[in-house]
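Order as written gives the chain letters A, B, C and D; numbering starts at 1 within each chain.
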Amino acid sequence: MTMASLDPVAAVLLVPILSAALLAVLPGYRLTARLNVVASMLTFVSALSLFVIERPQPGPYVLVDDLNIVFIVLNTFVGFTTSIFSASYIAHELEAGRLTPVYLRFYHAMYQTMMFGMNLAFVSNNIGLMWVAVEIATLTTVLMVGIYRTHAALEAAWKYFILGSVGIAFALFGTILVYMAARPIVGEGQDGMIWTLLIQNAAAFDPALLNVAFIFLFLGYGTKVGLAPLHAWLPDAHAEGPTPISAVLSGLLLNVALYALLRFKILLAVNPHAIAPGPLMVTMGLVSLIFAAFMLYRRRDIKRLFAYSSIEHMGIIVFAFGMGGPLANFAGLLHMVMHSLTKSAIFYAVGHISQIKGTQRINRIRGLTVTHPALGWGFVVGVVAIAGLPPLGIFMSEFLIVSSTFARQPLLAVALVFGLLLAFGALTLRLTSVAFGEPRGSKASAEASYVPMLAHLALVLCAGTYLPAPLVVWFQHVARLLG
Amino acid sequence: MQMHSLAFDISHTLAGGLVLISFMMLYQDRLYSLLNVFALHAVVLALSVAWQAYIQDAPHLYITAVIALVFKAIVIPVALHRIVKQLGIHRDIESAVSIGLTMLAGMALVALSMVLMLRVTADADPLAREDLAFALSVVLLGLLVMVTRRNAVSQVVGFMSLENGLVLAATGAKGMPLVVEISVAFSILIAFIVIGIFLFRIRERFDSVDVSALDDYRGERR
Amino acid sequence: MVVISDIIVQGVQMLLVLLLAPLLTGFVRKIKARLVRRQGASVFQPYRDLLRLLRKEVVLAENTSWLFRVTPYVTFAAIWVAAALVPTFATGLLFNWTADLIAIVALLGSARFFLALAGMDVGTSFGGIGSSREVMIAALAEPAMLLVFFCIALVAGSTQLSTVANFMASSYVGLRVSLGMAVIALIMVALAENARIPVDNPTTHLELTMVHEAMVLEYSGRHLAMIEFGAFLKLLLYISLIACVFLPWKIALFGTGPLAYAAGAGAYVVKLAAAGFFLALFETATAKMRVFRIPQFLGAALMLGLLGTLLLFVSKSF
Amino acid sequence: MSSLVLQMSCVAGLLGIAVLAIVLSRAKTSTTIIYCATTAVSLVALFGSIRFLVGEAPNASGLVLPVGLPWLGAHFRLDALASFFLVVVNLGGASASLYGLGYGHHDPAPHRVLPFFPAFLAGMNLVVLADDAFSYLLCWEFMSLASWALVMAHHREPDNAKASYVYLVMASFGTLALLLAFGLLAGPTGDYGFAAIRAARHTPYVAALVLILMLLGAGSKAGLVPLHVWLPLAHPAAPSHVSALMSGVMTKVAIYGFIRVTFDLLGQPIWPASVVVLFLGGTTAVMGILYALMEKDLKRLLAYSTIENIGVIFAGLGLALAFQANGQKLAAALAFTAALFHVLNHSFFKSLLFFGAGAVLTATGERDMDKLGGLIHRMPFTSFVVLVGCVAISALPPFNGFVSEWLMFQAVLQSPELPQWALKIMVPAVGALLALAAALAAACFVKAFGVTFLGRPRSTAAEAAHEVDRYSLSAMFILAALCLLAGVLPGLVIDALAPITIDILGGRMPIQADEPWLSIAPIAESRSSYNGLLVMIFITVSASLSVFVIHRFASHALRRGPAWGCGFSDPTPAAQYSAESFAQPIRRVFGTLVFRARDHVDMPAPGDVRPARLRIELHDLVWEGVYLPIVGAVGFSSDRLNRLQFLTIRRYLSLVFATLVTLLLVLAIWS
């Protein structure tokens, strides 16, 4: 841990991997859970310290710039809160006997490994390394999705695994192509993969190669982002895995893939002759949004419901980045952050709910606000937030996206609004049935801490009404960076 | 980076050979023969990688070649033979699309990849260009195998041939770092898949592992 | 001093309408009787009826509330005020400025409103029939009347009855299609509003055909007297309305001394008589129509009114 | 500046009260405390806004808070228009709070009402004060959200779930429409401040689009047909004092939004806009009141009549647009004043009537008029004030409803000055529609009052009814008094509205204070004048005169006896006219066309003992023709798409493959 004080970047990477090794061997639930929390907190702290200390020079492997620091901090923060949530959640799972201590050890180790993978993906300055990191994160989540060993869980994991592998392959091919494009300019070997060098010379790259590369990268990482029609793994993985993992998947892993996409979008944007990635992203974003919105109506499993809502929001974000421009990019970033916070908060709530009620069937859950006021209203606020109602954060980003789009591309904005309204209808429909009406199901009080959920919601609420000026300046800078 | 024509021709022939073998895979309708063809595919890949290692005098590529040879050309096919026996998967492949159509689609894909790749501006060295074109077609053909075959084993085979395409591209890319690591990583991935098939007793096709089964558990039924 | 005289003239007018109203009804009844070769009661019979009713005791149904007892006076007062607003023999009277044509419609409307409520108050099915049919009729009659008044107001450039009357009397209005339509529509509305044949039969007591009568079925004694009196006034009001708007012949302008007033009053009586005669003639000549033909009848009035208003623009636009 | 600060601090106070309510949600005394607090704060805000409006030359003052959109901040501004609507909002808020002091104690779940009630008030205040697109929409949606929570207060009735759902979706639809409108106004650079928007030049294309979007957005909140469907569901579902706020005030806030954008931000209007608004207003008025006539649920009837009044207001605004587009300031001011006056009046009597409905609800537990009746004997005060409200809303003199109606007609009579033929023809037609609506409204409220309060009780609950508490009564009496006041002294109101017309239209009506005898003359006395005070005096004088004369000179003997009824003595109260039977003639006349109404009579054969049955078939054509198809389409497509949830992995792979190939093809063809 001494390194953490020395070099935060190293800490961000080392703390998780070391604690993963430690957790793999340590027995006992209480200790490991606590250790998990502590490790995540340390990671978060060291990530925060990235703001204060002067940044390390971009090396061949590591890079810290304005873009990824946002992601890292968000990532480590949600990782931290989720570890708190997972402590109480896993305790219940142990009592319920759905997990054995062995798997628990495995779970914690995997958790930290995944955090490591994601952080690595963020800080890596090398597109090959980034690829590796994303795959590490993916494969660990695959293993965790299947951790319950139920038929359903294995199915989900398997599906995730196969589709993920294809995605991996695509991403790799794209990466190779980028290298090929870069080689004549930046020369052979390591340099051909170093992001900072690439971005400097991208203007001279061979556009035709870049185009093909982008398509493969888009599909490869897009599979992880969960863009329709590459989304198939996402709902089941969310629904069958342990809820903390669902939270992390929605809140973080999707962002990792998105981050990779953004990197390459910037790369392409630099090259004048390459295709504009915008239309592609806008199309896929809209398709995902509207498709997911329709799918929301027929969901019966509460976790699948919110998994689809994640697809929907990823669609919105990709749409925003596809539109580009300072406003839309700002909105996209904001939306991404807000969605991570909100969606993970919702999954915390859903986790407690499904544990209390002993089911994930929506129609078996009713009148939560009556039986569990705190949980129920928290859930209400979360869903209201994710549905894009003020005074919560997502409203602001949606406001910016829609209004800025309508002024530029009215038809696109209309389609976007259509999707938003559809999704809104579905979510509120479920909300009214779950949170209100005659209570149904168990009324047992949950012995769980709502702190993570409430913390997230508080942040979202605050962001919806007041964004601190430094953060705004930061975002605007990043937005300009995204072009 | 002047490449004298012999070397060029050889690597070109090998790459072309890979594409050809991918086509052979497309019209296999017996499982065992498919596996054998795949073994051949792997061998040719190994050769081409080795050749690349030689002409680029990049010794680390030999490792990749060896992996390809040992792991893909021998271990995996054998393992799959075993599985086919043990799980009593019957021998002939039911394909979703008729062989003829598949062949036509394959042609189209190859044409597509050519069109895309030969756009690459001339100053990129021709070898890389040809290689990429072939690699892309191998990748696409592998994917085609995956989606047209209803049989888990043949789908794995498809995936592996796709991955061969990747390795071909990676090795063709002169001085590309991490190639070895990547090929190792992929071999592990494939091992996982094979083990998965074995563990989960996925007999006929991935379809038996279909999500509708999830719904017995979670009531996502229509 | 001027104010005093104003008040006097206004008072005269209010008393005049009060006195003439029963006489008009009696006159109409007499003519009707003569037309069907009956002797008929004397023209002063309505006065006698009223007095007798006033002397009788009131029998209230058990369920009735204070509303039932207040209504006769409210309706009477509303109609009376409305009548006072209409220039009969002279224009520019004191009250004329307090309200205009639209207000007159509204005043009659409030009279009907309370009457209909009173009908509901008893809690018998007859009151209900009466009220519901009455409001149905009103729902068509009122807009028709308003449209007629739009038409008039657009011609005269004012909804102020005195101004209208002056305009009609003084300047040469010319024969306007729309005014013709307006007068027809107004007459139709008047028939409906006063429960005359063909819309309603004031003399019937066959339950299912009656509208107005059903509504006031439970009234007796002085209450009935007030309501009857209100009805008389209403008839007078409509006739004098038509008279002062469409034939403001000899109507005295504001402030032209007593002589002019006297002449105006004479002319007014003549107009009333003529109108009463034609009314009687019309009623004897036609038969009552089914309740659900009434909407078509009034709808026609509505259309005429609207048409008149629209045609105005045609005639105005050049 | 100070007035604005005062308003803002009142809003802050309301929000604070909301938090307080959450804190002591379970406390016994919470109801009293909260409603007292809201009453006090609303009164302060009310007097502040009145002072600003009628005080010396109201000049707009702005305020920027460092919240909301970061680089913009939250702008708030108080001008004449805003202050008028603040008067409406806070008057409604104060009376509703006062009413709640009594009514709230009957609430089964106060902790589901108390926190949201102040928040709702705060939201409405903020919408009126907001001065940039973002804050406006934020507050707007916040208001919807709070009211939604209030509709959800009695969430155990299944109907309320549906009501609140439809409400929320429609509200969101409206917000998105407004969002698009503002996006268009703000332009790609995104200067969302109203000042910037006001300054910018807008092309006719933009203006037209914005108008349509505003009609969708504000119209859906205000309840313009065909966007009204949520209103009769949601308003009755809420607790009665909230229904009063939603009907009497929130719809007005929507109208404020419409005025703010179409009159203020868009600048000089174009005349075709007015045609659309006029048409929508007229049809909404007539449709709304016809719906109300068909209704037998008291609160739903009131909600539908709200739709009618909204239609009237929009018609007035349409007139104002028409005149303004042709630069006829005076006529425009007249129409605009009429519309605003009606806004004020409707907020009076609709709140009053909803309070009355709430009183009936607490007294009998019934909303179905066919189970009520005879309440005038058991609830004398309530029935009296409700009668006042009914008279006022039926636009009968000397009450306030008539004055605004009258002004409206005066504005209609200005139509000959309009150059465009379309308007020449349109305006009188709309006038006819308004007249029809007014007459039907009278019929509707005869029915409402007659069936609910008069006749004989139709159920034991109605027999056992009792008068309500004094807080509710006082709230109702205050509103009734205001109805009368505004009716007899309209001149004061008109003069108070003048600053707004000057602000928005640049013209004003003649100063009514100069007119003799407190009468009002919109253009000139020779054209038209009305004097509510005199009319009232004359009526009272002549009525009391006749009473005096009769009781002086004629008999005042009186005897109670059984009802005569032409000898048919019907023992059972069921034989009375019910709400539906009362509406039958009008159903026959209009319903057959508008609702495809059919009466199915099942008359048993002679000798058959079973009772004859009458079944009335009504179709809400808007719901069946517009909304059900949409629901069906969504359901259908989600069913179709839902199959994608059940594919096999190979199929998913082929999806991926297909996507890849398509993209590559696009690339090959494109570049």
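Note that a contact is a pair of C-beta atoms (placed from the backbone, for glycine too) under 8 Å apart; a residue touches a chain by one contact, two chains touch by 3 or more.
What you are looking at is a predicted structure, and each value in this text was computed from that prediction instead of being measured.
The chains in contact with subunit A and with subunit B alike are D. Measuring from the averaged C-alpha position of subunit A to that of subunit C gives a distance of 78 Å. Distance between subunit B and subunit C, defined via averaged C-alpha coordinates, is recorded as 99 Å. The distance from the centre of subunit C to the centre of subunit D, each centre being the mean of the chain's C-alpha atoms, comes to 35 Å. Subunit A and subunit D have CA centres that are 44 Å apart.
Contact of a single residue of subunit B with at least two other chains is seen at positions 116, 119, 143, 146, 206, 209-211, 220, 222. Annotation for subunit C: no residues touch 2 or more other chains. For subunit D, the set of residues touching two or more other chains reads 639, 642, 645, 647, 649, 653, 660, 664, 667, 671.
Taken as a contact graph, with one node per protein chain and an edge wherever two chains touch, the assembly fits none of the named shapes, being neither a line, a ring, a star nor a complete graph.
Applying the touch criterion to all chain pairs gives A-B, A-D, B-D, C-D. Residues 54-63, 65-67, 73-74, 76-78, 80-81, 84, 95, 97-100, 102-103, 106-107, 109-110, 112-113, 116-117, 119-129, 131-133, 135-136, 138-143, 146-147, 150, 153-154, 157-160, 163, 205, 207, 217-218, 221-222, 225-226, 291-292, 295, 302, 305-306, 309-310, 312-313, 316-317 of subunit C touch subunit D in their complex. Contact residues of subunit B toward subunit D in the complex are 96, 109, 112-113, 115-116, 119, 140, 143-144, 146-147, 149-150, 155, 205-207, 209-212, 215, 220, 222.
Of all residues in subunit B, those touching subunit A in their complex are 116-117, 119-121, 123-124, 128, 132, 135-136, 139, 143, 146, 159, 162-163, 165-166, 169-170, 173-178, 181-182, 185, 189, 192-193, 196, 200, 206, 209-211, 213-214, 216-220, 222.
Chain contact summary for the complex, subunit D toward subunit B: residues 639, 642-643, 645-650, 653-654, 657, 660-661, 664-665, 667-668, 671. Those residues of subunit D lying in contact with subunit C across their complex are 373-374, 376-377, 387, 391, 394-397, 402, 405-406, 409-410, 412-413, 416, 421, 424-425, 428-429, 431-432, 435-436, 438-440, 442-443, 446-447, 449-451, 454-456, 517, 519, 525-531, 534-535, 538-540, 542-543, 546-547, 550, 553-566, 568, 570, 573, 575-577, 581-586, 588-589.
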